Every structure is written in C-alpha cells, then in structure tokens.
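The structure's right below; bear with me while I get my questions together.
Per-chain numbering from 1; labels A, B, C and D assigned in written order.
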Amino acid sequence: MDILGNLPQVLFSGLAAGSVYALVALAMVIIYRTTEVLNFAQGDMAMMSTYVGLGLLVAGGLPFFWAMLGALAFAAALGAFSEFAFLRRAKEPTVLGLIIITLGIEMIVFGFASWKWGGDPRDLPTPLSPADVVVIGGVIMSYLELATIAISATTISALFLFLNRSKAGLAMRATQQNRAVARLMGIRVRRVEMGAWALAAVIGGIAGLLVGPATTVEPYMMWDPMMKGFAAAVLGGMTSLAGAALGGAIIGIIENLFGFYVSTAFKSVVPFAAILLMLAIKPSGLLARHYVKKV
Amino acid sequence: MTSLLRVENVDTYYGLIQALRGASLEVQAGGIVALLGANGAGKTTLLKTVMGLLEDQPDKGEIFFDGQPIHGRETEDIARRGIAYVPEGREVFRELTVMENLKIGAYARRDAIGEDLEGIFRYFPRLLERRDQWAGTLSGGEQQMLAIGRALMSRPRLLLLDEPSLGLSPLLVQEIFDIVKSINTDGVTILLVEQNARMALSVASRALVMERGRFVLEGSAEEVAADPDVQEFYLGLATEESVKGFKRYRRKKRWR
Amino acid sequence: MFQPLLRIAALAASVFAVALAPTAQAQQLTGVTDTEIHIAAWGPQTGPAAPWGAVTRGTAMLFQMVNDAGGIHGRKIVFHPFDDQYNPAKTVAGVKELVEKAPGIFAMASGVGTSPGLAVKDYLMERGIPWVGPAAGSLHWVTPPQKALFAMYPLYADEAKLLVRHLVDKEGKKKIAIFYASDEYGENGHRGAMAELTRLGLKPAVEVSVNQADRDLKSHLLKLKDSGADAVLMWVNPTHAVITLKTAAALQFSPQWATSSTLSDAVMMQAITGGLWKNMIYASFGELPDADVPQVKKYRDAFAKYAQQGERWGVFFMAGIGFVEPLVEGLQRAGRDLTRDSFIKAMESIKGYKGVMGRVTFGPGERQGQREIFLARTDDTGTKVTQLTPWAEVK
Amino acid sequence: MDMKRSYYRDLRLFDTWPLGLWLVVCAALLALVPFFAGNYLMYVLGYIAINAMVALGLNVLVGYTGQISLGHAGFFAIGAYATVLLAKAGVPIPLALVAAAFIAAAFGFLLGLPALRLEGPYLAVITLGFGLTVENIFAKAEFFGGATGPSVPPFSLSLWPGFSREQNLYWLIMLCAGGTILAIRNLMRTRVGRAFVAIRDSDVAAACAGVDLTWYKTLAFAVSAAFTGVAGGLFAFHLGQVDPTTFNLMLSILFLAMVVIGGVGSILGPLLGAVTISLLNLKLKGLKLADFEQIPLAGKEIAGFISRHFMETGMANIQFIVYGGILVLIMVFEPLGLYGLWIRAKRYWRTWPL
C-alpha cells in the first residue's frame, strides 16, 4: 500500500465528506443556541426537502437551479412550521421534553416522506456527472466534491456575514444570549426563533441536496450525516459556529483517515471516540468560549 | 393632563404566591419617580409586570401607557411603545460588543441612529473607549452605563431603572445618578427602583413606598423623606429607642 | 402496612395457582376451515429494510391470483401479511398473535429476513406449522433440515462461489477484491467468495466491509482501488451499491463489478445509479423480471391488473411470487383433505417444479428446494441484459 | 432536566394503601396469567415487563440523577450477550443474569467516568457513541457470533412443575420486573437515592453538602446499567435470538422515550411509558387504503386523494406519523408525561365537583 501517496487523496475525500457534516452541525448549533433544543429532526427535515427538490425537478419539470431553490424554500417553511406548530406549543418545556418533541417531529416527517414517496431509493440527477473529475497533483477531485466543498464554504461564509453584519443576525445573536432582554429591546423573539429554525432547516436542506447526488434519495439518506453532524457540533463546542464548521471538517478527515489506513469496519465509531478523547481534555468542546454552569 | 403610566389595582402571582396586591400608581410625564421598599416588597415585580415579562400576568388590574391599555400585551410591543427597562443586574449581552449592544437598543427603530450614539457617548464617554470590546468584559459600572445607554437608544419616553446602584462603589453610584438626572433633564421620564433610598430621594421629584405587594406611602420626594418611618427604615435615621433598647420594627404595621 | 396485605395476597395467589394447575396447551388451531386456508407472512413495509417489503406484496398478489382463479379445492386463501419493520421483537409478536387467534394459521409464506426468521423458527417448528420459502438465503433454514420448513432461496455463498469461478475462469481476473456489508447477507457472500478463492489457490486483493449506516464510502473505495483489484465482488444493499458506483466513478476506479441476486434488478439499478449500472455481472436465482418466458409473462400481465399504486415490477416482487409458488403447488397436491401432514407429504412429492425460479425439488430429506442459479450481465448501455451461464447448481 | 423538585414526590408509588392493595392485586393477576392465557399474551406482557425494567433503570439516571443517555441499547446488548455466552458456557441461568448485571454495571461505571465532566448535549453524544460502538463491536467480532449473533441456548429454568418454557420464562421476567420495582423504590429511600436526587437538583450544591460526586454519578450509571443488563439477558431468551443490529440507536431512543413519555422521576411514570411505547411498538400496524374508505361521508374522496398523491405501498408508514404525533402531543401538553396526567386526573377527582 502506498502510504503517503494516498494521503492527499484521503484528506481531500475527508474534507468533501466533512463539509457536509459541517453544514448539518451548523444547523444544529443555530437551533441549539437560539432555543436550547437538540434538533433530532434536522436530518429528516433535510431528507424531505431533498425529496421535494427531486419532485420539482423530475415531476415538476423545473430547471435544476429553480428546483433546488424550491427545495430550500420548502425547507424554510418546514423549519418555521415545526417551530411554530410544535416547539412553541410546549408549555413549561424541559430539555428532555423538547428532545422528545423533535424526535416526534422526526418520526412524523419520516413517516410522511416514506408514505408519499415510498422506501425505494431514487436518483437525484444533477448537471454534474460523478465521472467528471479534475486531477490536480495526483489527487482526483470530482466536480461534485469540489462543488460540495465550495457550496459549503460559501454557505458558511454567508452565514457568518449574516450573523455578524445584518440587523436580523444581530437580533438572533441577542436572542440567543438573553431572550428576556432581547424582548425588552423590542425584538420579536418568537419570530427570531422561528427564523432560526427556518434558517437551520435551509442549511440542513443544502446538506441534503449535496448528499442526494452523491448517494441516493431515500428515507434514511440523512441518518449518517446527521449523526456525524451532531458529533461535529459537539466537537466544536455546540455553541460555536466556527467550531461546528471546524468540527465537521475534522470528523470527515479523521474517519476517512481511519477508514483508509486502519479499518472500515469501525469507521463510523471513530468520530465518537475522537470526541470522547477531546472532551476528556477540554469538556466544553474545541471552540466554545465559555462553559459557565449555572448553580 | 393624562399621566404617562397608570397602574390600576394590579395583582400579580408567581405560581401560588401573590406578589402584588392591588397595586396602583401613576407616573406623570417629566419627573423622576422613586420607588422604595424592602427586599421582596414587589418593586421589581411591578416593573416586570408593566413590561409584560411575567407569563399570563397581571392576573387582575389594568395598566395604561399614555392612555392606551398595555396589560396582557407582548413585551416586544410594550417596549416598542416607548418604555425602556433597565433590568436589575444590568443584563447586557455579554457576547456582543459595546457597539452592538447599543445598536440592538435601537432595534425597533428604522431611522438613523448615529446622532443618538453620539448622545450616548456624551453621557458615557467611557463606552466610546470600549466600543469594540465584548460587553461581558466591562466592569460593573461600565455595564450599568451600557445598560442605560442601550435603553436610551430606543428613544424611550419612560425609562424604568431597576437598582442602578446595585453592587457599585459609592463614587460610581454618584456618577450614575448624576447622569440619570441629566437624562431626565433631557426629557425622559424615569421610574426608579432603588434600595439606596437616600440617593434615590435626592434625585427624585416624587416617591412611593411599597410593602408586601402594595403601596403604602406616596408623596413628593421631600414629603416621603420626611416621613418618620422612611427615615427610620430606609434612611437609617433612628430617632427613638424602646425601653429595652431595641428598635421596634413592628411599627410598620401602622400602614395596613 | 404491607406485611399483612402481602401475606393475604400470596395466600390467595397460591390457592388460585393450585386450583388452576397447568392445563394442557389449548387445542391447536389449524388455520383451515371448510372454505378458507389462512396463511401469514411478515415483511418490512417500513424502516430501513422497507424495499424488501415488495416480497410480501408479491406473495399477496400470487394468492389473489389463485383465489380469483377459483381457490384451492373449494377453499380460498386468506392471507395475513404484517409489517414487522425487520424487527424480530415485532415478528415474534405478530406471528404468535396470528397463530394463537382463531382460526389460526395453516402455514407461513415467504417471510423476509434472517433475523426475524430465526426469532420465530423454533416456535413454528415446535408447533409443526409449515413455512415455505423464507426470503433470505441462509444456512440456518436447512442445517439441520426441519420437517416443516421448505427453503427456496439459494445460498448467498453459492452465488458468490459461482461469480468468483466465472471471474477467474472466464474473465481471466487475477486480483479479486471483496466488498461486503457487515451483516448476515454480506458475511455469507464473503465466506462463499473466500472459500472459492482458496479452492482456486488465490488470495483476495483486499476484503473491505461496510456498515449499514455508512453513507460516505470514499475510504472504502480508495482501499479497493489501492489494492489494484481488477474485479470487485460487491455484496451490499442497493443504496450502498449506488454510492459505491458513484464514488468509484469519482475516483476513476473501474474494475469488473460482480454482485448478488439481491441487486439483480437491472432496470431499477440502472435508474437509481443514474446510468452507472454498466457491464455488471450478477447472479440470479429467478428468471429476469423482463424475461420473455411464459412463467414470467403470466405474472407480468397479472401485475398490471392487481398491483397497488406505487408498486414496481421488479426482482423482489417477483421473488415473493417465486418463493411461494411451491406452497400453492403443495396445497393443490394435498387435495381436499388438507392437514399439515398431508401438506408436508405433498410438498415432498414436488420434483423439478419450474416456476419463475429455477427448478424446485423437495424430498423426505431434502428441504432446500431450489439450488439453481445463473449469471447475467448488463451491456455497455446498461439496459440490455444477457444470460452468461445456463441455470446450474453450484457444486 | 429537572422536572421534579419535591423529593417526596419521587417516592410516590406505595404511599397510599389503596394503591398498595391495587398493586398486590395487579401482581397476583400478572402471576396468574400463565395459567389461563396463551403464548401471545405472555409474550406481550413479557416484552412490556422487559422494557419496563429498562425504563426504570434508565430513570435512575435520567429522572433521579438528571443525566441523559442515548446509549442504553448498549447496556441492553451487553446484558444480552453476557447472559447468552455465560449460559452457553454452562453457567446456570439465574447466575448468568446476575453476572450480566455486574458486567453491565462495570461498563456503566466506565461510561459514567466521562459523565463526571459533561452534561447536556456533550453527554448525549458520548452515550450515543457508546451505543454505536457496542453495536459495532458485537456485530464485527467473531467471538460474539458476528452479524448473526450467538445462538441462544434453550431456556431450561423450571419454576413451576409442568410449566412450558414460555410459562417459566414469563414468571422469571415478572419476578425480575417486580424485583426491579422494589429495588429501585427502596434505593431511592436510602442515602444513595437522596444523593442522586441532590445531584439532579444541583450537583454543585450536592458536592458542597458532602455528596461525593465522582462516586455517586458513576454509581448512578452503574445501577442504571445493571437493571438494563438484566433486562437484556431476559430479552435474549424472550426472543430466542440475539441480533446485534437490534441494539441500535433507535432502541436507545425508544428507551429514553419511555421514560420521558411516562414522566421522569417517578416509578409509575416509566412503567406507564414502557406500557405505552411497547404497545404502540407491537400494536401499531400499517393502515390499508380500504381503511380510509371506511371514513364516513368523504371516505371515497379521501381514499381517492390519498391514492393520487401518496404511495399505496408506503402506507404502512402512517404508523410513524401516529407514533410521532403521540410523542409530540404528550410532551406539548404534559411535560411531566403520563404520570403528570395521572397526577392531574387524581387531583381533579379529589376536589371534584369543585
């Protein structure tokens, strides 16, 4: 086995996989920071949006770009609706109770999608064929992977700009930090929370649309990316956006390194072992800036 | 002339505990009204009730701002009508910069805010120095200034100040109160909740005293300051001693 | 406060217990009435294994056809399929419920999955309830042979052996890699391939396993590519097959692929891989779904009439028919006096029966009815399928 | 994660004696089931009881100590494998179950160590990783029987003369479940139980009061794992088969859902939750198109609409929608779960007709 010769290729592959995890992680972090909910429905909401995109593309006959845009619009609506119809209705919610609600949403979305579209895998046709590649310095990069990395990077930068430069982003950050005081500032926090869910669903939806062409569109398509995304979010500190993005990349790369050089059998377990190690050293995650426990 | 804020017969509960019992007050436009009372008297509860921060409260009673009913409204709407509340313990957004904190104060407004920023920095030059620093890294006094500045950014007509002196050094307290006074001079009506009664009465035009969820005394600042009970319990000017040499706190009963 | 209560309760309980000394098992329900034969099947209609649920629906269509053609000796088949989500706990509950509720179940048909099947096998066999055509190619069904269990699915290991033999002998491949799912199905294929390679005096180029949940197979494919394999035996589920081919394309890795009967639905695979299902060699235990033979045409025509909306004429659906055809044949042969014993005797008399599967032969000691498989290959466009070998038993 | 603030409410199960009487009656009835009921009922009751044991065990962690675990399927699997492998090696079944409890507890202790420094999502992801790891190791290692799992030896214990295997197993399960209830109830009344609750309400305050956090937090994991391990061992016999893929994340989530749906921090709560989720799990079956035609008034139209816009083959998935809907509804309207509903109903009737 050519140990070093393959390293750049493995790293590149890991980065491509990781950039999807990063998106899922970002979506989870946005919701966690705004509403303190671990959203276990994130993956399946993305799965459903991908199906919608596929429907618009194939059955609706829309051009690719507009179909994907439609899928993201649907994702936003689904996210906002979930917050509005379920999370907000919870009275005196507890952390665990909220988790169970998101699991309930997950099941509803999953059931609906598999009822509507069936369990058979489907193909999401893209303008890019998986066989289109460019070789740079011996590393084979498919257009699809390059597009995945580019789209993720763009999404992440846009998100940073939005949160740090726009008024709505400022309101979102303020709501995250202190909901009551944000209300005193005249911020309509319920709308902000609904917006955060919509935003997270869109980002998750982008992940779904990137996973779809590389794999298949089927009801379980987002389970693995969702788990890894969750792991990435925790690795990055659960409250830090930069941490989530970094965590995603790290997990993608670690598991590809492990899968290639050690064993594919335990590949999916490795990210969690990495987290265990990391949390043992730094319990608040890589980039979380504070971990103040309320007494 | 109608009053700016009118609270009528308000009852507020925390679960089964009643915190306000038929509290009524009026704040006329223009002055500083000081709200005095011991711990647990219901001062902060009153402010929170006015702001609609307590879920499903007030249980009973009505609150009017500028003649319009605001009880049962969302906090956001109440704030947008022109009431700003500086909560106890400052509560600045610790992970936003000073500048962002100020900007968020003007969130509900759409017009230019540059002028107001200048105004705030005139009151609090120290905030200008620290404009790009995280609010969480400021000292207590600076955070208090920021909290007040942030509240002013919404151009409120009524400012509710909750314990601005809490945990600050006497010098800083003096500084803050001077600024409070000048804010008032610039046209903002202020409802001031304070434990530091002496300081509060020195700036206030009117004052009210609360006990166990209701108002027990009202008058101009001078009248209230002259009240023997206030002198004894809030200003610490004990005048008489009981036969056994102990102060007789039981005298509070008189107000029931 | 509890002591007296507990004592009284314990006394009462023991009195009851003695009075109700264990009674013999309630009289066994046979699932046969004058007008009906009750048959049940489990199959995942939901959950990760839902695509396999088509097997159960195929079985249902076969029974419907039988009933519409007048039933069996004056009896209609009443079919009780249920969804077990590929979860053995649910399989057991469903089977016990149906078997113990009047009028009972005469026999089980198809039944998807090794682990659900294993969970109910002993229960069924203890009660002598016949089970025909478990939809999983496992050794567990026939080692040791059970009186009432009639297996149809040829062993996965046999398919793998035949594929390896073909790749080495006919295609001249030297470095064969094995890529398999880490479940019963994948391990059986892996084992079969290893056995054949050893027999041929070869070593695998590399053995790579994949977890059910994995969706990122880049490191797997890099390993396969890095091994320099010129052929890869792919023993995975359809979703993983798609990801495998797409990832291989992205890595410019194009060995000769060979795969199992599970992926023998070329039309579907071509559709979901977005056109990458080219030059694929695969094993098949049944006629191809679009084969032009009368046995298949009969069902294809019926499919248009009976199938539910959303159903697809594919290999799983057809397997559901093929696994159970011998059951119908056995019921026919058993005649009007239908008992479990007469049915088993009738089943044992089936020799060389040809339906949509290979030839089926049962006998007094023979419980693996079908052993025949063949290999097929898709062409460069992925649309045309040619049969590479005739039906044959793997020795 | 703190749902119950009053310590004494934690102990409600036997506090009134009519309730105690009812419990004894219930226990007696359950004990008599094998004498008149068929295998199916025993199977369902056994399944519920096994789940109830896990839910009660998990509740020690979630409800009493305020930790979260998304990996209890791992302990369940460890218990199942330990019991089966020991029984195959000739260890008597009761002994194998006890050993399984200790082995699971040991792993619980190990998992508890990182829990010392973690909470919330961090703990969730670690326990989730634990569950995945266990599942993977069992499925991969030849020693554990690989993907098919080890074959389960026949259940040979005899508790009553003339009982069939199923009847004996049913009794053993019920005995273990009853034992679990009593053990946990008593545990919570001891010093240990009080320490757990103190940690839940505020671990810093508990530490200040002299509760050894290291010991009690890991102990909570160990205790919880022990009960889950025994349940896993019983489950192996109950199913007659061990398949590593059944011990997946979904199962862990199901266990957690039992506790939360039932109501954390009580004994009745997890019991109710286990009954509800188990029955939903076993009884929720797919609907058919014909079922929709039964709807009065617009049945035909609804069925037509559904067949136009949905996959008939995917119709069984409606059960997930029902399942999820029930989870959401319970949590939205009663965060204390079914136990909370029960308390409220009781309070309502007590003051009725006021």
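One rule holds in what follows: a residue touches a chain if its C-beta (ideal position, glycine included) is under 8 Å from a C-beta of that chain, and two chains touch if they have at least 3 such contacts.
Only a predicted model underlies this, so the values are computations on that prediction, with no experimental measurement involved.
Q: If you average the Cα atoms per chain, which one ends up farthest from subunit C?
A: B
Q: How many angstrom between the C-alpha centroids of subunit C and subunit A?
A: 36
Q: Can you check how far apart subunit B and subunit D are, centre to centre, with Cα atoms defining each centre and the answer in Å?
A: It comes to 52 Å between the two C-alpha centres.
Q: Whole-Å distance, subunit A centre to subunit B centre, using C-alpha means?
A: 44
Q: In angstrom, rounded to a whole number, how far apart do the mean CA points of subunit A and subunit D lie?
A: Roughly 30 Å, centre to centre.
Q: Provide the list of subunit C residues touching at least two other chains, using ranges where the numbers run on.
A: 46, 50, 53, 182, 209, 211, 310
Q: Please list all residues of subunit A that touch 2 or more other chains.
A: 111, 114, 118-119, 227, 265, 268
Q: Indicate the residues of subunit D shared as contacts by at least two other chains.
A: 136, 140, 310-311, 313-315, 317, 319-320
Q: Strictly by the criterion at the top, what is the full list of touching chain pairs?
A: Result of the pairwise touch check is A-B, A-C, A-D, C-D.
Q: Can you check the complex and tell me which residues of subunit A touch subunit D?
A: Listed in rising order, the residues of subunit A that touch subunit D are 32, 38, 40, 86, 89-101, 103-112, 114-119, 227, 230-231, 233-234, 238, 265-266, 268-269, 271-273, 275-276, 279-280, 283, 285, 293, 295.
Q: Would you tell me which residues of subunit C are touching subunit D in their complex?
A: Those in contact with subunit D are residues 1-2, 5-6, 9, 12-13, 16-17, 20-23, 25-26, 45-46, 50, 53-54, 57, 82-83, 87-90, 92-93, 96-97, 99-101, 114-115, 118-119, 122-123, 140, 182-184, 186-187, 209, 211-212, 308-311.
Q: Enumerate the contact residues on subunit A facing subunit C in the complex.
A: Answer in residue numbers: 1-2, 6, 9-10, 13-14, 16-17, 111, 114, 118-123, 125, 129-131, 133, 140, 142, 144-145, 211, 214-216, 218-221, 223-225, 227, 252, 255-260, 264-265, 267-268.
Q: Contact residues on subunit D for subunit A in the complex?
A: By the definition above, subunit D touches subunit A via 1-3, 62, 68, 114, 117-122, 124-126, 128-130, 132-133, 136-137, 140, 202, 204-205, 249, 253, 256-257, 260-261, 264, 309-311, 313-315, 317-328, 331-333, 335.
Q: State the interface residues of subunit D toward subunit C in the complex, per the touch definition above.
A: Touching subunit C: residues 14, 17, 20-21, 24-25, 27-28, 31-32, 34-36, 38-40, 43-44, 47, 136, 139-140, 146-149, 160-164, 167, 239-241, 243, 245-246, 281-282, 285-286, 289, 307, 310-317, 319-320 of subunit D.
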